[in-house]
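Inspection log for the structure reproduced underneath, given as structure tokens.
By letter and in written order, the chains are A, B, C and D; residue numbering begins at 1 in each of them.
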Amino acid sequence: MESDKFNLKGFSLPFTPHGRSSLVEPPPWYYGGEVIQIVFRTRPEQAQRFIPRPLELGPDPGLGIVWFVEWVSVSESNPDLAFINPERSVYPECIVMLQCRFKEEIGYFVPYIWVNNDFTLLRGFIQGFPKKLARIHMTKLSAMNPLVGGRRVGAKVKGICEANAERLVEGSLIFTGQADQSELPKLKFYLLRHYPDLANPSQPLVHELVNSVSELTIADIWRGDAELKFFESAIDEVAALAPVQVLEGFYQSVGLITRGATVIHRYPHQG
Amino acid sequence: MESDKFNLKGFSLPFTPHGRSSLVEPPPWYYGGEVIQIVFRTRPEQAQRFIPRPLELGPDPGLGIVWFVEWVSVSESNPDLAFINPERSVYPECIVMLQCRFKEEIGYFVPYIWVNNDFTLLRGFIQGFPKKLARIHMTKLSAMNPLVGGRRVGAKVKGICEANAERLVEGSLIFTGQADQSELPKLKFYLLRHYPDLANPSQPLVHELVNSVSELTIADIWRGDAELKFFESAIDEVAALAPVQVLEGFYQSVGLITRGATVIHRYPHQG
Amino acid sequence: MESDKFNLKGFSLPFTPHGRSSLVEPPPWYYGGEVIQIVFRTRPEQAQRFIPRPLELGPDPGLGIVWFVEWVSVSESNPDLAFINPERSVYPECIVMLQCRFKEEIGYFVPYIWVNNDFTLLRGFIQGFPKKLARIHMTKLSAMNPLVGGRRVGAKVKGICEANAERLVEGSLIFTGQADQSELPKLKFYLLRHYPDLANPSQPLVHELVNSVSELTIADIWRGDAELKFFESAIDEVAALAPVQVLEGFYQSVGLITRGATVIHRYPHQG
Amino acid sequence: MESDKFNLKGFSLPFTPHGRSSLVEPPPWYYGGEVIQIVFRTRPEQAQRFIPRPLELGPDPGLGIVWFVEWVSVSESNPDLAFINPERSVYPECIVMLQCRFKEEIGYFVPYIWVNNDFTLLRGFIQGFPKKLARIHMTKLSAMNPLVGGRRVGAKVKGICEANAERLVEGSLIFTGQADQSELPKLKFYLLRHYPDLANPSQPLVHELVNSVSELTIADIWRGDAELKFFESAIDEVAALAPVQVLEGFYQSVGLITRGATVIHRYPHQG
């Protein structure tokens, strides 16, 4: 019978006759950006408290990474989005990652991530990134401005993330030289998909760990002296992950393609 | 065995040791606001195209309602939020509703709804409201400003909703007198819950129609001469629902409690 | 000769053929708003450092007032602005005032004031208010939301002002009872008009103290227990005015008409 | 006598004990940015109506230029601003320029210019740029995102400027090849300084034409097929300058140093 077949179009809400309004387009999604990357160590017992079981602490317990990045991102199904709607394809992001492992596979769990835009907020929620809105400010290098300059030894960049009138994360880097890709930690994301059930608030409809299926390319890497601060907040608990040591900092160009996800664990009693 | 029990706290992403960071708190949720309400008629065949089966057109096919409202909203579990974090409890909203029915029960389906804040965006997504971010501007009446004035015959209010550098909806009202609650359409929401599955993009994890479980109270109602416009957009299809007739307009104070949802239809092949 | 007569229209930049684009319209300007008012005492020697001579400390040295207010404001020349362009007539404001006197006349100098909108920023600059942009959040009371409530004993309101990812000012009030206008400090503004000269940066084109010509009306006054904090900032020096004592707090409806200004002092060497 | 000597510090409002709060720092100011530049022709009689006498139409009457640019800008007195406060040094801008001449000197008058930030708004006002706040969106090219790509034949960029929920200007460019600096119009700004006098609203305190003293450097120039639209607005009159012809479009890296201004004409009766 026809009557219960779904008659609207799109990949996500809102669904419409033509499917043009969906906040999120189907993967694959393509990204390019400039990244401030800071590698730090927090207290392992704190990292542990933010990592959902059965994920475990990684081989370097308490290791974490922060990224500040301004992305330009489009979908394969709508490759001209950056041209037609630049406001929908450019957005800044601040990510906190904690090293962990699932069985023998080392990766990073994301306890916090902030963006400034609706489609990427929901696109993150669908992937298992716990995105919130924030104002994220990053130094823009410019070879045309002699007081700022481009990528070079001595270049100075900072990222600041603020939400709810609270500064949450601040990271900075002073370039000391070029670096090689072999020096960078290898990234792989473990994420938590979760969709609460208002028909039964004690039991989510979706509650599972996934592995993001994505490809990362990196270029033009610089190393530098880094600083990193997490701030106390009435809302977010990020200060519990405050660095006890800043290990290293990088600036790099990044390309990313996200193709999908693989479920690695379903929490019991899921609907 | 302990190892697969979920060890983090919260109602929605992000989950943390203390559960303070969750974007959405558990229901019930309480709202108060001033509403510009405009009742209009669009072409029934257009309304039909935006209403997901098995919902059907209502007894007045093509009847629609637009609300512009500034909410103050808090959860029962965090009743002081409007005091502690005013920026998280005050937000404007623009809603488009289409009359429909499920079996014999008349209600309204929401093809479009815009807000300006992350927690209400995700709170909507969990309920089945297809929220997007927009800038929503509403006239604020003020008895202390003699050129503006308070609620009175002749008072003029307007709502404007803009996203992606496009004006999408504009509604206005010039007060002609007080009105009685019996003149207002009775509201009941039919909503579409949907959570795409990145592990299998062709098959959503959640795809169902729900009935919002909520209570509405209304006070201080004014009637007026209304205008309503939906604008062409490169992204949203709201202009397809353009009014062929504006029936009536109201301004009213509204209280709302949302307690949960009841599933009325699951689309086939859902996970 | 005609050729040097000014041929464009408007009250402020930008000037255009029809004069519709001017950011600021000619006075008088009308305002209405709800105000959180907190009266505090800072160290007199700090207040002194922010008050430009020949203004002197007032009879209660170090006395200061903070306002958080959401205005609806229109000009006499464009009284329907709140209806036609609500986004241009509604804006929040956070003001810091320091008691001072000019000769025998007691008033308040404004070292800091924040808003969120261009026309009021420039309208302030023209008056001598040193406005900056900020995000200002205020509790909205609502009798329709039972967990928030309207104006009543026990009502709780807060104002927060943030700029450059720094929280700058936070004030809160818990209502204890109604109050009478006679309890409120009488307001009169001393302001500093200043227009730098790029043709000679060491010598401003305008540099003078003025007295704002305005009328204030007040209604529905509540008294309460208040708190007030000024925060350290890399940019603003407001923490130097931190309260050593919070004297009293009020919540009130305010009407204001600003008609112009009177020059009371010109600094030497002005062009 | 000491009492009327100005005892506060800064270059512009707000003035404070340490001078750190001033919205604008003293020149020189340094800028770097990527520019979408579109050269168009409007009806000469319309251009004439926006150009203040004694400026006259230039040798190519009706010629205009639009820039969309994202600047990184710092002052000589605070060269690390882009590092310490990235949010105060990065901002987008949309400029409309009309060719004109003063005596035999050809230059451009700026009837409209939009930015998104307070310090540049006021810095513009002090220079004679009639800046307003807007949301300005520009395509970001990215060699790391294969669907977007970097500067190359076929690259597509767009700029959009929106204010008051109205799209005002939209310009786009599809790269056809590299270009030489000799193909670009030579820029020189004629600006209108104006400071209204609230003590006498019919007579401004400052009202004069100036010549901006600045140096422009240009690099990495691309030529392309351009489109340009000005939109009708309830507030701005920019649609009166709508292109009758789009002549050419460029994408280029720009460096700018602004050192000051030279007065070329004072309007009579100025205070």
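As a working rule, a residue touches a chain if its C-beta (ideal position, glycine included) is under 8 Å from a C-beta of that chain, and two chains touch if they have at least 3 such contacts.
Keep in mind it's a predicted model, so treat the numbers as computed, not measured.
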Moving only to chains each one touches, count the minimum steps from chain A until you reach chain C.
1
Between A-D and C-D, flag the pair that has more C-beta pairs in contact.
C-D
Express in whole angstrom the distance between the two chain centres, defined as the mean CA positions of chain C and chain D.
29
For chain A versus chain D, what separation do you get between their C-alpha means, in angstrom?
35
Among all residues of chain B, which ones touch two or more of the remaining chains?
84-85, 87, 135, 137, 160, 165
Mind pulling up the chain D residues that touch chain B in the complex?
135, 137, 160-162, 165-167
Note: in the complex, chain D contacts chain C through residues 2-8, 11-18, 20-21, 23-24, 26-27, 49-50, 52-54, 84-85, 87-88, 111-112, 117-118, 121-122, 125-133, 164-165, 192-196, 198-199, 201, 205-207, 210, 234-237, 240, 260-263, 265, 267-268
State the interface residues of chain A toward chain D in the complex, per the touch definition above.
30-33, 70, 72-74, 76, 79-80, 82-87, 89-90, 135, 137-148, 156-160, 172, 217, 219, 253-255
